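Submitted below is the structure of interest, expressed as structure tokens.
The chains carry the letters A, B, C and D, assigned in the order they are written, with residues numbered from 1 in each.
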Amino acid sequence: MIEHKGVSVIGRAYGKIPTLLLLALIVFLFLLPHFVGKYVMYMTMHILVLSVFALGFNLLLGYTGLLSFGQAGFYACGAYGCAKMLLVIPSLLPGIICGVLFAGIIALILGFLCIRHTRIYFAMLTLCFGMMIYSLAWKWRTMTGGDDGLVGIPRAPLEIPGIFSINMSSLGNYYYFVLIVCLLAIILFYRIVNSPFGLTLQGIRDSESRIAFAGISVKNYRLIAFTIAGLYAGLAGALLPPLESTVTPPLAHWTHSAEPVLATLLGGIHSFAGPIAGAFLYYVIKDIIVRFTEYWLIWLGAIVVALVIGLPGGIVSIFEKRLVPWIRLRFAQGSRR
Amino acid sequence: MDPFTVCPRESSMTELLKTEDLRKAFGHFTAVDGVNIHFTTDALTSIIGPNGAGKTTLINLLTGSLPVDSGKIFFKGREITKIPTDERVRRGIGRSFQIMNIFPMLTVFQNIQLPVLSLLHKSLKFFSRLDAHRDAIDEVERILKEGGLWEKRDMLAGELSHGDQRLLEMGIAIASKPELCFLDEPTSGMNPVERVKILENIRKLSDEKRTTFIIVEHDMDVVFSLSDRIVVMHRGSIIADGKPNEIKENQNVKEVYLGEELGEEST
Amino acid sequence: MKKLIVIFSVCLLVTFAIAPYANPGPLPKVIKIGGQGVTSGAHADYGRQMIMGSTLAIDEINAAGGILGSKLELKFMDSELKGAVAVKNARYMVQDWGAHLLFGVDSSGVCMAVGPVLPELDRVHIFCHAATEKLTEKLVYEKGIKNIFRISVPVYQDSIIAAMIFKDFPEIKRWAGINCDYEYGRTSWSLFKSTLKKYRPDVEFVAEVWAPFWTTDFSPHISAVMAKKPDGIFATPWAGEAVMNLRQALLLGVFDQIQVWWQAMGGSVDVLEGLAREVAKDKFQGKLWATARYIHNWPDTPANKAFVEKFRKRWTRYPNYSAETSYSAIYVFKEAIEKTKSLETAKLIKAIEGMKIACPGGERYFRPEDHQAVYTVPAGKVIHDPAYPLPIVGELKVIPAKDYYRKPPFPPIK
Amino acid sequence: MENLAFQGLVGLSLAMYLWLIAAGLTIVFGVLGILNFAHGSLFMLGAYFAFTFYGLFGINFWLSILLSLIGVALVGLIMERFFLRHIYHLDVPYQLLLTFGFILIFDDAVKMTWGGVFMIPPMPEFFTGAIPIFGRPFPIYNLFIIGAGIGVAIGLWLILERTWWGRIIRASASDREMAGAIGVNIPILFTTVFMFGAALAALGGALSTPVRVVAPGIGGAVIIQAFVVTVIGGLGNLKGAFVGAVIVGVLTAYGILLFPIFELFIIFVVMAVVLLLKPEGLFGE
């Protein structure tokens, strides 16, 4: 009686196996530093960050039906906010929090303007605001350091004065911090999209006129979704400065806004894990291609085109259409024996 | 208080909605031309009229889907002319659409769950699981069983048959427990079987006196078998208003329908 | 959530596939050298010239038996002129591919992004092109990031030397600036202004416009400054943008109205090639001045002649400065390693600090305070010379490096 | 005063390039309903083709422009026929993503073919030189560009108003079903329109070669400007695109002259304001 509530048919087919796999995966991620080099750790961090970034983006695209092309703007807000704070107070938590809040506030303000439109106009408006933030980061040199950006940002210790303090200067420690923060963000996101609020957003995506007759004020819900997306972009951005120790304007450029779009559509916009899968693919594909050829763009482009034409549902849709039925079958048989 | 234990209304009729000289024009074409109408709790009303008579426009005005040019709308004595749709809905107005309007990518269950949660003021719960809200779930189950869609609860709404989608749409409409509910051609494109099914539903719900239905219909059989009161619109204004048998006799109506035998015309 | 699992179990495998194992020992069989520069877009030639220069040096060294018997291996990556990409490349080359030494990098933003990461990577990085003075003055001198060395001359070359030259042109009183809208352009312009003002209180700076990356049409910029009727124009856009800027200036008849045009990196080979036609027709009327971080026709020494010859034989092109700096960078590594007999970063740093080394471009001296290589590069007019297939920087004005390099303690630049 | 006027004139010539790009972009959007991210790359291809024919093979200037138009139109044919055609039913994001993929592909394709180094096409002799306007020399070539831009505008207007094909385009732009109903072969219409749009972009690219450099990546640089222009004028609105281009071009020029610091910024502010107050664009209905 319970299971049909909210959970998709496909979701139910898995049974216990996936939960175990999931745990295995998390354990694996935690053990990672012990058997791979720093570079893989570094890449994994970037994948995690992009996953969070793309998840937030997909709350707008996949769940609310709004294509934002300016998320990099909020990403940059997070990054610059965090960097600024770290340069003043070399302590990790204040930095991250400052970044996230800053991005959230900007998102709230701009969102108020953006949600007046939908579809292509919304995309254009967000693109526009993103580029404004970009040119601000580029031009407001006293604040942002121009194209040299903010330099020498410390990987400050994670501390609560008087209670504890963990040194983050080693990449390993910071890896664990990023991993835990991102996992929490992902779990939280899972709760959000499977909450009544998440369902309501999907209603807005499916039919604006109809949702109004459920007594829902479309604009307010869009604004909330936009702000949450901004917060997630901000979190992703805020995790960056301590890792790279630099933030530069290109973080806000539209080509960077294209990354979550790319990741999400590669992975699949109508499945929770889509953006995460996409983020992983995006980085691995790029990283592998770059090793073999100087002409990695054309390969990435070809893959993108091929996927859009051949697999609009995104990679994850393969798993839904092929793998899951198969698992379900095997699982059913197994249980009968 | 629990919104589902609706105290049965006292049978004496009370006025729900009334309009004053309502007007709406699209360019030069006047769709609704000074309509004064009122709906009461004791009657299942049908609005009929040839195509382009302004029936759907009228509903759009009353539900706030369209802004009025001039005139006033009162619901339960308070003016609602200017307030947005979602607020009107919260005050007790609901509708179904002429063109199918459901949540195609959600399951049937979720289609109903959505308005129910909203009614329970739970739509802004961010972190709680959907199945944590038993009250909503039981209500959805009740509605789906009434509507005869329970078996199909896990299908995607978009994959339902046309008839089932109509049923679902009505389900959504009544899920938010409107006191006044407009049904815009609820039986259009249905086969006779489905049609009977949905009409039974409407009649039943109407008799339970929880909801007062206003139906826009082309099918005269439906109209005359179902309605307590019939309103005839033509060129944006009301030309007749009364009990079915009165309407049958009404001269203007006959003219409007070019002397067609009423009751045989169906679209 | 469920799909997530399947995805990640796949990524688990792949992650193993690309798992790296790199651990630099004292002196391995193969010494891995990682380089990066922009090899795509309008500035691609600079990266390519880096590849040519370093490859040439490495092949020479390997042919001569390598460094203390161990061969050199090069990996070169595209920085795309993006800091984030450059940092990722550096991490990849050190932590995955296992580079022992790093060199290259063009454009200020990129070097400022890579510099701070070096201590964590624990590698020496010789910068071959990036021009912002902050790299050496801030990161090395102030913040004490010792892993950074720069073998190419910074913005001093683009700005101060220009001021030193044009202070002797009494009739040029009105200067206008067409500059890149990023740190390189801004610092060059302000250094030029402050220095020139010191010698010539009478000059005035009548107009300044800023052109961002990817400016495709400079006409508005040019006409904006020409509106103020300047005698001289100071321009910093480089590579393809420099060529565009100058061609559009020609169209607008700028060279009939001004007396000099300073094109900071105009001595760069790709720019000279791009202007060949116009110079041949003397469109610039001998008013176009330029310099570079090395010019192939100076110094007039056997060493330089030999280098240019070798380079042309190998690549059928003239070496650009990024080629010479990369070439020399490899030899700096060689000398340092031979001195320390190890690849330990700390030792290498000690070895390079204060090193004097003879390069094609003349002798370089690495200042211990800011790790900046001090060497002289002249400036001159862009002219047609029958001896060369492409225009050269001729009628050279040679000013000793010590006279125009900024010295520690570095006074702040407004 | 003269200076302001002169600057305006320079801005106008700048605007004409924008117009040529935006025209194709907006027509394609109007008819096919696709916002072609790769439109800037078609501009780039046009430049490369023109450069190859004129600069390398030494073909007559006008002929090489024509050839480059044809060449790019063929590229457009392939794009539409084999790729875009499959995604008309998909949402905006997919269309943007697909065409974005093409930006990447084209950028590397030209890099493979012509090398990553920028190219400098020669300037045809008869265009060198300038004539005095407002007491300052103004390049003949820029005058030619302004003329060409206006010429194209008039030409387009004639095509749309006077020709059968033009009428069909307008019909299907306003109502696709209706167009299909009156027996228009939609697939062929789409293909031809897309090729036409591509050719317009190519014209812009080809005409830019004598004064600019040809390098990979220009596509991505110009497309955003083109977006701004088309949005200001109203997506799918040709007249709007022209006015939008003039606004952006002239504004850029004055921005550089008057407040150099905000140049980048202004354009986007204008765009945002238009989007907020009149999302359908200055000329959209």
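Note that in this section contacts are C-beta pairs under 8 Å (C-beta built on N, C-alpha and C of every residue); 3 or more make two chains touch, one makes a residue touch a chain.
Owing to the predicted nature of the structure, the values given are computational and were not obtained by experimental measurement.
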Residual chain groupings, excluding chain A and keeping positions: B | C, D
Farthest chain (mean CA position) relative to chain D: B
Per-chain CA centroid nearest to the all-protein CA mean: A
Whole-Å gap between the CA centroids of chain B and chain C: 74
Between chain A and chain D, centroid-to-centroid distance (C-alpha), Å: 34
Chain A-chain B separation of Cα centroids, rounded to whole Å: 42
Chain D: positions in contact with at least two other chains: 107, 111, 261, 264
Contacts with 2+ other chains: residues of chain A: 138, 297
Contacts with 2+ other chains: residues of chain C: 39-40, 212
Chain-chain contacts as defined at top: A-B, A-C, A-D, C-D
Residues on chain C engaged by chain A in the complex (per definition of touch): 1-9, 11-12, 14-16, 18-22, 39-40, 77-78, 82-84, 87-88, 91-92, 95-96, 108-109, 112-113, 115-117, 120, 132, 134, 138-139, 143, 181-183, 186, 212
Touching residues on chain D, where the partner in the complex is chain C: 3, 6-7, 10-11, 13-14, 17, 107, 111, 115-118, 120, 122-123, 128, 130, 136-139, 141-142, 208, 211-213, 215-218, 221-222, 252-253, 256-257, 260-261, 263-264
Contact set on chain D toward chain A in their complex: 35, 83, 86-87, 90-94, 96-98, 100-105, 107-109, 111-112, 220, 224, 227-228, 231, 235, 261-262, 264-265, 268-269, 271-272, 275-276, 279
Sites on chain A touched by chain B in the complex: 2, 4-9, 188, 191-192, 194-197, 199-200, 202-203, 205-207, 209-218, 221, 270
Chain D-touching residues of chain C, taken from the complex the two chains share: 39-42, 44-45, 48, 208-210, 212, 214, 216-217, 219-221, 223-224, 226-227, 239-241, 243-244, 247-248, 251-253, 256, 270, 274, 277
